[in-house]
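Two complexes are shown next, each including subunit A; its partner changes from subunit B in the first to subunit C in the second.
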Partner chain A sequence: MTPAKTAAATAVLLLATACSAGGAAPPPADTLIWATTSAPNSLDIAHGFNSASTLVQAAVLDSMVGLDERGKPVPRLAAGWTQPDPASYLFTLREDVRFTDGSPLTADDAAFSLRRHLDPAVASQAASYFTMVKKVEAVGAGQVKVTLRRPAPAFLSVSAIAWQVVPRKLAEAHPKDLGSPEVGTLGTGPYKVSRFSLTSGVVLERNEAYWGPRPALRRIEVKSIADPETLRLAVRSGEVDGTSDLNARDARKWTGLPGVKTIFYPGDNISYLSLAVGNGPLADVHVRRAIAYAVNRRAISDLMTAGHGAPAAALLPAPMLTALYGSAPPPLPDYPYDPAKARAELARSAHPGGFTLAVPYAGGGDTGTVMQAVAADLAKIGITLRLEPAPADQYQSRMMEHDRLGIQFVSLAYGTPEPIEVLPDMISRASAQPQGFNFSGYGSAETDEKLDALVSATGEDAKAQVTALLKEIAEQVPYIPLFHTDNAVALSERFTASLGTWTTDMFARIRPAGR
Partner chain B sequence: MRAALTAVLGLVALAALAGPWLAPYDPAAQDLALGAAGPSAAHWLGTDEMGRDVVSRLLAGARSALFWPVLVALFTTALGTSLGLLSGYRRGWVDALLMRVVDLAIAMPGLLVLIVVVGVLGGGYGWAVLAMAVLFTPGDIRVVRSLTLAQRELAYAEAARTLGLRPGRIMFRHLLPNLAPTVVANALLSFTGALVALAGLSFLGVGLPAGTPDWGLMVEENRQLLDLNPWASIAPAALITVVACAATLLGDRAFESMSKGGVR
Partner chain C sequence: MAVLTLLGRRLGAAVLLLGVLSALTYGLLLAAPGGPEQVLLGGRPSTPETRAAIREQYHLDDPFPVRYARWLGDALHGDLGTSVYSREPVVTVIADRLPVTAGLAAYALVLTVVVGVPAGLLAAMRRGGRLDQGITLGSLAALSIPSFALSILLLYGFAVRLGWFPVFGEGRTLTERITHLTLPAVALAAAQAALVVRQMRAAALDLAASDFLTFARARGLPRRRVWTSYALRNAALPVLTVGGLLLAANLTGSVFVERAFGLHGLGALLIGAVGQKDIPVVQALVLLGGVIVVAVNLLIDLAYLVVDPRVRKGAAA
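This part shows the complex of A and B:
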């Protein structure tokens, strides 16, 4: 080999070594790389009320109220509050809190941050959380008074989710595009946004001036990996440190990954079948009860949760039932799997010989799997479901328009232990309109009155009213509760986490192992 | 070689015809308690997530794997050949008009059009198949037209015109037999294209309803089970590949054989 060739080969070797060494360098211990299956679309809850966006919002924006490990409201930006009367709250702001641009947090900022959700010009996705709010005003320099239309004990809990505080000046200037990549946002939270792109994700840096405990992570990178298997491989290879977007059904693939731990905890969610009570045979309560008897909920629960969940006994997430009733839920009308009873109920209906029903569903996901199991169960009693696949986006869009509703499989997740967060979604007449979640169409003026009364109820009275509504739902069967699923997180063993059902600020609960 | 290819397609055709009788289990029968399991004496290729027998579903799936692509191939061959002959033989404004339509159709992204059709028409699989047949036809028109342009100038075609035969008779009785090798090869290519495209549609979850025994759908539904029963996904994928390759190679062989024979 000539000296020139030797020199060239050495240079190439050195270059390759340098490159490979650079590529393999582990990230700093206090840098977390997180992945979500969908990208955050807005850092403003008014326009990004979805799991990927709220994950980032909770790290950047503080809420006035937090939730403790039992789901009880606790002070956060509000140092405390009083109730001058049952329908109003007076919040006292924490002192010396500053936004990440250095400007001080004022009562006016806090008041405006709630009031903007009621402004039709903002078209906030969180507006339905605050329909009970009548008036919000800053009282002096450090207090905010919220007047409700009527007493609403759930107000504090929903505030923990959706009353995130931003500077009034910024929010006023950008009613529609606050939180977008172009405008960004400003908060008082433990992290500040270093970069936000709809395509390349979000980078957060520690807010060194944070008023609370110093965040353990210095830098967080959030990237989007849509395909679940690609996501799993990214976590396995160490390209990503963690994700909360793993499906409990696929837990077996995640447990045992080298260097990765999986954390499961009860999720505030419920999966159910919705039966459109105005749609042909489903209008007959005996048909609905026959379907409830015919569906093998235990088998579907086992299939969909793979041991990380349980069959649902009532139309509320399990953590809500536990928060309300402890370990002794009230007895409700039940429909254990029993094809004989299902046939007997169907015989009492106007369709004793069964019927055929077209059922649109979102292709390529859990919905198709559940609907196959349901269709097989119903076929045993003479009800034929003609499954019609549709692209997922189109199916969701049609469902939200309440177009062609029949039997729908629905999974919903909530954020508080308050049944009032769920029940109006399910049985109020307002939610039976397009964009509402009452896909059964069940409800009446009487039901709305009961929901109104529940909003103001507390203690044993609230418990009794919830029980009455759950009993009515179980008797009339506009919905068939199917199962609850655990929340799941996969996390590199380089980190530790203390997570629970009511955790809203996930990144604040993660820290480098050993620190 | 040709015997082997014919045998492959023959076996699939047999499964399509007699699948329900050959299947050891009802392909729709679920056993959720069993779930996904690997091969065993009871289930030779194991079961899927719903506890359904994979072999039975493969046999039942042969019917949709053959039926719909054959339908597409017949439609595109009949329409594409007729319009290609017409365009190439008549030339003039008929040719110009048809070719612009063909240009437009070929420029469209086929799979996206199919997804839109299925979406807009509410998941009607028949509509998707019809749309696919329409999308495949322009290719056949263009190929047959180019061959017709050459054939119509040959002496035998000139002689037919001199004898005063009607254009329809000249096109279908005299020109068409000379185009047969290409038409047959094209038909088999259309079959292959339809088989793969329809499997792709099912894989994307916008084809046949969930639970239908269909090879494309089986690949999609079972790909999450590779760790539990890889055969549930690999077997239908392999069958799609084998049948597609067999049809393509058979078309190739048929073209060579018919060309050597000299139909004219």
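This part shows the complex of A and C:
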């Protein structure tokens, strides 16, 4: 053979080898291949409090309490609890629970697993959840006593999200890198980790000795695919069985995929505009009300959710409003889309003829789309937004530094049905500091007092206090609620799932179809 | 002896280059808005105590020279630090991803050379003919398609429609790895092969008019012999240069292709790390990139010596 022919033959051979491996045997029915857009970075919620990481954490680690389908705290690792006084809880641990290495779960493990979030040396991402906790101690056999600084009914709900129980010995040895790919983690949950890497993904195997209901899936592989289009093609080709990282806005790209079903359910999230009340034209409440009237929320909601969401009436996620008020939310000052009223409000302000405002935004992605729609709406009443695109990282960094705040589009997702998880973020003066989420800068000693009172409030009292705060926000307009988005899941028809807003253990809710 | 002098000079230049590179990167990262707090706090509400603890742990309040000196001291002791994002040692983070990127870069280079060199030679041999026009037009098209667009086209055609190749990931065994990297390598190599075609064609055309080729032809040597033994060898210098630079570029900058094919390589890591202000990872990657460019250039120069006796003689003199 001549060199050219040899080369050609080699190339053909190489391609043939390459192609032949393409059609691998289908995986067993009880193996699920799941994909996320970003890889889980830590199996410890202290350092991986993000959707991809908590998805895996919830499969491997048990929390002390869980949330039922209405968002109410229910026993999990704790068989039950009592409240000796309004500011303390006495949890009784389930008996005979073992970590997947065979060692028994003790009250000391459970207590330490909460206490570590309070330790500044751990720098836990869940620390802000547990600021109300004063003391955690193991008492007697199998009991944990938590003393709060003062009554805080939301404590149980946040515990359902973040009080994951790990062995004290392991957590103590690794304050900074528990849950990293090198250290890993150890739990009592329905699955155990058989591999964890940031590149090749996570492999979970069923914990055959699990104390709770036996999970239907034997093996779960979690892969990460950063590009949304590649993710869609991977689900379409059947290489991936499911993902929860699809954008509701792109739902129509997913709903038609052969062999794939899409599942939508209300998400615990809120998207809104923040108006920095500190200086410039936005300091004038009439300007802010004018903007609220001028922004077509229905149109933006349709644009951003493609029907899988709804315009937001108040500055709380829809499921929180439902959990608090049922189907009868209280009437709040409203600003239905009305350019004429918007112009009238603007005429009453110090800027009757309108004004120009420079608005930095993250180029690409949702922020750009929303800000362009908002700019078009505001142009109709004489407010010119000079849109200044910036790289997403830079925009995000500046926003968190509270640098150049003006009109920002913000989307936040939460975990519990408790309004106290949201409101201090929005209007407390502490959150108006850099790295806080109060981008409007709204707040006073008075609002701080109201928020403070809300922490300990229960029942009708809590309801009335939340209503008062929502009313104040609606009147003063530091924020304009825009829309709620549904959570979306794409799942191969080989599986079925029962998912809801308060589902934390998603993998335990998925099973092979027909079983 | 000439080779040793060359090596010595290059080593000195490399150390200087890497020093400047690391200081510059560190300074630019610090000058950019934001810090690693975003990643450390997970983009979540935080307490003032946590924020203070993080600032202290990561020495965020120290001035630039102090922070850079601390990093440099550790780096000189072989400790490149720990990734802020994954809390793994930086060396592990990079070692996890290097094989993917190196495999992709090598595979793409092989495709580039195997396709580009013969096609360029062919075009030059048949200058002005149909084949030449076809090859030139083809290379123009390949140069014009952005790699991410080509990636999606390849994915849709060969992975989804035909199902010959997997859509994403890098595979675990060697055969799996080859299967997984084929489409990305094609996507990466397309534009580069086009570049090599043009380079090769131009170099070969320059030679076509040279006396020694005319003489070779006059001696009645077969055309194949004339082109492979005489023209190819002489045209090899510029092509070697381009090939080496392409290899260096692939090792550090195949980010679009990596992203489109869901590959966890160095390009994707660098972009992520810059966004997260994961300084230890960025620093290590920049140094690695510097080392690769220096090493590849050195290899090219050494290859010159092997390929071209004129350079060898020149170096000796």
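Quick notes on this structure:
Methods note: the second predicted complex is superposed on the first by the 491 of 515 C-alpha atoms of A that agree within 3 Å, B and C clash if a C-alpha of one lies under 4 Å from a C-alpha of the other, contacts with A are read in each partner's own complex, and residues count from 1 in each chain.
The rule is short, and it goes like this: contacts are C-beta pairs under 8 Å (C-beta built on N, C-alpha and C of every residue); 3 or more make two chains touch, one makes a residue touch a chain.
What you are looking at is a predicted structure, and each value in this text was computed from that prediction instead of being measured.
Aligning the shared subunit A places subunit B and subunit C next to each other free of steric conflict. Contact comparison for subunit A: of subunit B and subunit C, C touches the greater number of residues. Look at A:D177: by the touch rule set out above, it reaches subunit C but stays clear of subunit B. Shared-chain residue A:M371: touches subunit B; no touch with subunit C. Applying the stated contact rule after C-alpha superposition, one finds that A:A340 touches neither subunit B nor subunit C. Touch criterion not met for A:A445: it reaches neither subunit B nor subunit C. Judged by the touch definition given at the top, the superposed model places A:E239 against subunit C, while subunit B stays out of reach. When the shared chain is aligned, no partner comes close enough to touch A:A328: not subunit B, not subunit C. Once the two complexes are overlaid on the shared chain, A:P360 sits against subunit B while remaining clear of subunit C. In the superposition on chain A, A:Q394 makes contact with both subunit B and subunit C. Of all Cα pairs spanning subunit B and subunit C in the superposition, the closest are 6 Å apart. Residues 229, 392, 394 of subunit A touch subunit B in one complex and subunit C in the other.
For subunit A in complex with subunit C, the residues that touch the partner chain are 4, 7, 11, 14-15, 17-19, 21-23, 39, 41-42, 47-50, 120-121, 123-125, 127-128, 131, 176-177, 179-182, 197-200, 223-227, 229-231, 233-234, 236-237, 239-240, 392-394, 396-398, 400-401, 403, 424-425, 430-431, 433, 435-437. Those residues of subunit B whose C-beta lies close enough to touch subunit A in the complex are 28, 30, 32-33, 35, 49-50, 115, 118-119, 122-123, 204-211, 220-221, 223-224, 227. Interface residues of subunit A facing subunit B in the complex, by the touch rule stated above, are 228-229, 250, 252-253, 296, 299-300, 302-303, 360-365, 368-369, 371-373, 375-376, 386-392, 394.
By the touch criterion stated above, subunit C contacts subunit A in their complex at residues 32-35, 37-38, 40-54, 57, 82, 85-89, 92-93, 96-97, 100, 114, 118, 152, 155-156, 159-160, 163-170, 172, 175-176, 178-179, 182, 259-262, 264, 268, 274-277.
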